[in-house]
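One chain, subunit A, appears in both complexes that follow, with subunit B as partner in the first and subunit C in the second.
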Partner chain A sequence: MNQLVGVFRGPWAIAVYTYREGIRKRTLIGFLILSLLVIFGSSFISAFLDPTSRTDIELKLIKDICVATISIFGALITVFTSASVVPNEVENKVIYSILSKPIRRWQYLLGKFLGAQLIILVNLALMGILFFAALYIRQGVMPTLLLWALLLTYFEFLILSAFTFAISTAATSPVLPTIGGLFVYITGNLTEYLKDVQNRAGQTGKWLDDLLGQIAGILYDVLPNLQNFSLRNQIVNGMPNDPPTDVLIPNLMAYGLIWAVGGFLLAWLIFWRKEL
Partner chain B sequence: MNRRYSRLILAAAFVIAAALGAWQGHRVARLREAEAFYRWMLAAAVDERLFQDTSSEYLDRPLLETCNRLAAGTPQAAGLEDAATTAVITTLARDLKNDRAIWALAQGDTLRPAREEFLKSAREGKLQFARNIGYIEAQEGNVGIFSLFFGFRKVAANWLWIQVDRYWHRGDLYRMVALMKTCVLLDPNFIEAYQIGAWHMAYNATAKMADTPWALREWDERYQACVGEKERYYYFAIDFLKDGIRKNPRNYKLYFDLGFAVYKQKMNDYANAVKYLAEAVRLPHDRWVPRQLYICMELNDQYEEAIRGWEDYQKRFPESELTKEIAPRFIRSNQGKLLEKLWEAALKQAEAARNTPEYPALKAEADRLYQQALEHWKAMGEDGDVRRMRLEALKLREEKRWFEAVALLDKARWDAPDQWEEFSSLIIQIKQEGGIPLSLSERKAIERKKDEGHCAGMPESAARKST
Partner chain C sequence: MSRKQKSPEGNGKNGVVPAIRTFNLTKVYEGARASQDVRALTDLNLEVQPGEIYGYLGPNGSGKTTTIKMILGLIFPTSGHVEVFGDGDIGSARVKKRIGYLPEGAYYPDFLRGEEILKYYGRLYGLGGKELDRRVSAVMDQVGISHARKRLLRSYSKGMRQRIGLAQALISDPDILILDEPTTGLDPIARKEIRDILAGLRDAGKTLLISSHELLEVELICDRVGILFEGVLQRQGTLAELLETRDLQVEVDGWKPELAGQLPPKGITLEDAVGGRARLRMPSGTGAEAAVALCRELKLNVASIMPRRETLEELFVRVVKSAKEESLAAAAPAGEDTR
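Coming up: the complex of A and B.
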């Protein structure tokens, strides 16, 4: 047991140090402040509406704007954090002094990955708390369904983070992984199009058409589909105790976790023999 | 050597993780298909049970029939009555508590052929109620609205709604209606858009319009009704709310607005008001929903059901001020009207048997019920005055004391403006029976009534029904 604790002590120290360093970054603070402003500002959205009609419409506007804000800014924070934690250290040459210590590469990677997750979680929690407060003030009851929506959002970010992190291990500067991360986010949300390509293939009867359809089908089955996590919109505005939602949430969490492990293993594989 | 193997093991671990991810993704996709199927079943069952829209060429109805047939032998059908076992899904969907049973069927193997048929038909756009289910839309292809806003379509719907609000203040009604429909296309769960949109159509758009005279109305094949410009907006509101109900079958607000705001308040169609308010009561609802249902039951002459409803309300909310003050009044009022109804039926029966040996006994029973009703209204004091006067006027009419009957009803209608129409019609009838000359307004009212229920283009069958 002590040996196991010893193995993870190093990564944890790196994670804490990564978190402390990352949380001070101006870009992230900028994104966070912007998102908090939008979430705060969503409470005043009713200024655009007819003050005489007393409905729940303001509440819905707040919910939708906040969920979208958390998704957009959260994804940006995730990409920028995951893309920079390793390349920055390569650029600054700090990595050499760390790897010269009795720590293995996978431990270093795990520490960095956990540190990035801490940063993402703290940012998500800050945005979530403000969203939670905005809803609580407006409707007077605890919006507990929101916690599930935030949890799903995090698992979406976990996949995004893992693959951006994997790209970053191959890079020496954060620019390429940032672009790569944004690409992962966009394509991950458009995976459903592949199914459409597969459904439409074969209409011309040409072999290339069939082949394209088959490739699209395989890619659809293999690539992570971030659009699955759009369930969070359903949760925030939906009814409690919805049977399909209750089953889908744990399955999506497992989905996020498996792909995150996959992404981390890919990062490890790339970093294994990287020339430093 | 060791390092090379380690790398291979790591690569294998990555491949395993990716395969597991793909497998889990496949599971999630199957669950989402089942979810889409489940939501479609709820929508199709609601349509089948409440709206029975047979006009469309979509395949929803035959597919629901297939689902009902396949579900007949399942454990979920076991608890149902014999008559319901041929329509398992439709029957189960009546009650919110059965949602888990329907979900189990949607996921299970019994309905697999129907589920596969559903997915195929939905992808080909052959199902009306599969639209606006996110997963299906995404599968349907083209430039799907699902992906158009990159997952932020709800925000887009909100911004459009703000524009709808602006159009409303500008009086730009026609633009507003089109935009409202776009809003709910983008966000089919936008309950408030359905509610406010229907309110705009049924109330605000028609606020400055007079009721279209029957002679100017036209037969509308789709609505099976005589409609003018104003009435058409009521039906637009009904369509809009029905669309919302199909997409959100578990939200009581839409049923309530359809029953109360449109059918009761605007169209005085109490039978439909009761139908939809009864649906609203089945779902988690606010306290005013059952109260409106019982009021509509009273207006629809369902006095016994209304009494039972109010008594149930008293039991459920014993501490409520409404229970203490208003519910007893409504119960007494319904009891009085029930006695009136029984008296009228008994009187009719006695009149039918006028020249038979049973007549004296039937007449005595009718008189007894009359006395009972009269005593009931008297016991209610001021609250029962108007109905007591009506009852006394009817007795005077029976005794052919026409002037006294008219005078009494005239006083009663001024005391109860909400019953003005009913009492005025009764006055006209009594005047006609007694040969008393009618006033100008009464003659006009008769002229208006002649056209009532008939319009240009009305098919003969509908005209006969209306007469």
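Coming up: the complex of A and C.
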């Protein structure tokens, strides 16, 4: 048991350090402040609406803005964090003084990955708390559905983070993994559309049409389906304390974990013999 | 013998296992095509003895950092291998625990306090609790920054940051310290202080490998040096072995300015003259008796005779220049063939 604790002591120290350093990054602070302002500001949306309009439209609008804000800014924070935690340490040479200590490369990666997760979780929690409070004040009902939505959103970000992190271990700067992460986020949220493109391809008989269909098919097979994690419609249209419907939360969590483990293993495969 | 096995005791000089030993260490950075390959190190046989300060010298791009990175397991040899105290399992926790490393120009986060950054590095060695506190206090005392342990790193001067770097390398009380440019960019006082710390570490039995461009610093502190050029170790030995005694410096009384014209035919150089006293440099290879005889011929009284030893800088320039000439000579016929 002591040996096991010893193995994880190093990664945990790295994770805490990564978190403490990450929450001070100006870009992330900027994203967080902006997102909190949008969530907070959405409560005053009524000032821009027709006073005769029904309050449920106003509420739907608030919910819609808040869900979109959490989703977009959360994804940006996830991508920027996961893309930079390793390349930044290579750039400023901190990695040399860490990997010259009795830390295995997988332990280092685990520490950085966990640190990135702490940053993502804290940011998500802050946005979620404000949204939660806004809904509770407006409706006077505990918005428990939002908690489920936040949980699923985190698992969506976990997949995104693992993919971006894997790309970052091969890169020398955060630029390429940031682009890669944003690509995964956008295409991962368009997987149904990709399927549609694949199904429709071949109808014109043109080679470009076929090619696009094949590319869409490959992306559909390779990329995770991030649309599954969204409870947006239910949050916007349903009651705040409804149980989540049409989703199997344990399955989605397992799905997210499998993709995350896969992304982490890919990162390790790239990094374990990387010349630093 | 497997590289991961420990070498039998006594495989080094005088039966002592070297602290660091490389065996025909070669590193080629592969390019996209074979013609773009860069040979950074060729058949390096480096030997650093326990308890000594070894100065690892070479111009930029000569392969010093490549060597250090291979000793630390940050990059991997194309061929050859490294042993640390006879242990070839480079990259293992066992070997890493015996080495402390100060990278050149490393960044330390401004938002942490001096003791916090050291605690972080200490935890990477598995230290914790009172043992960690004890080690942090000990290394801060050792490098002279105990008074600033609670201060944020952003308030540290450059010299203090370098000491923090040194402290993080010492946190586990390692047997070997590898320091990459430990005094670069520091003012003379900070350099002297760092030099004193390093000398203290040697006295405490540590082995130090110092990669540096500061030749005066190296000459003042190192027991042995190795000079690397284009990935090849050109010279390795103690300063006494490597530095040539070039000529004699003689201080004379009875100097007159009109004697200046008589010096060049005898191969004597006038270095300095004040009033009736002058300092002369005798021709290369002149013995003490011959120097006295030459002075008598000029009717000068010898006040003192000092052998003038080559400086490390002169040795470095001589070695690098000769290696460069050899390299150019070797490349010339090949260049003609390709035309």
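To be clear about the criterion, the second predicted complex is superposed on the first by the 235 of 276 C-alpha atoms of A that agree within 3 Å, B and C clash if a C-alpha of one lies under 4 Å from a C-alpha of the other, contacts with A are read in each partner's own complex, and residues count from 1 in each chain.
Rule of thumb we're sticking to: a contact is a pair of C-beta atoms (placed from the backbone, for glycine too) under 8 Å apart; a residue touches a chain by one contact, two chains touch by 3 or more.
What you are looking at is a predicted structure, and each value in this text was computed from that prediction instead of being measured.
When both complexes are superposed on subunit A, subunit B and subunit C sit side by side without a clash. Looking at the shared chain after the overlay, A:S97 reaches subunit C, while subunit B stays out of its contact range. In the superposition on chain A, A:L37 makes contact with neither subunit B nor subunit C. In the superposition on chain A, A:G6 contacts subunit C only, with no contact to subunit B. Of the two partner chains placed by the overlay, neither subunit B nor subunit C lies in contact with A:V175. Of the two partner chains placed by superposition, only subunit C is touched by A:E21; subunit B is not. In the superposed model, A:M239 lies in contact with subunit B only, and not with subunit C.
In the superposition on chain A, no contact is made by A:I29 with either subunit B or subunit C. With both complexes superposed, B is the one of subunit B and subunit C in contact with more subunit A residues. By the touch criterion stated above, A:E275 is placed in contact with subunit C alone, subunit B being left untouched. After superposing the two complexes on their shared chain, the closest approach between C-alpha atoms of subunit B and subunit C is 12 Å.
In the superposition on chain A, subunit A positions 273 are in contact with subunit B in one complex as well as with subunit C in the other.
Subunit C contributes residues 69, 72-76, 93-94, 96-97, 99-109, 111-112, 120-121, 123-126, 128, 165, 168-169, 172 to its touches with subunit A in the complex.
Interface residues of subunit A, counted against subunit C in their complex, comprise 6, 9-10, 13-14, 17, 20-21, 24, 92-94, 96-104, 273, 275-276. Residues of subunit A that touch subunit B in their complex: 48-50, 53, 55-57, 60-61, 64-65, 67-68, 71-72, 189-190, 192-193, 195-196, 199-200, 221-222, 224-225, 227-228, 230, 233-234, 237-239, 242-244, 247-248, 251-252, 254-255, 258-259, 261-262, 265-266, 268-269, 272-273.
Within the complex formed with subunit A, the subunit B residues making contact are 6-7, 10-11, 13-14, 17-18, 20-22, 24-29, 31-32, 34-35, 38-39, 99-100, 102-103, 106-107, 123, 134, 138-141, 144, 146-147, 150-152, 154-155, 157-158, 161-162, 165, 168-169, 187, 189-193, 195-196, 250-251, 284.
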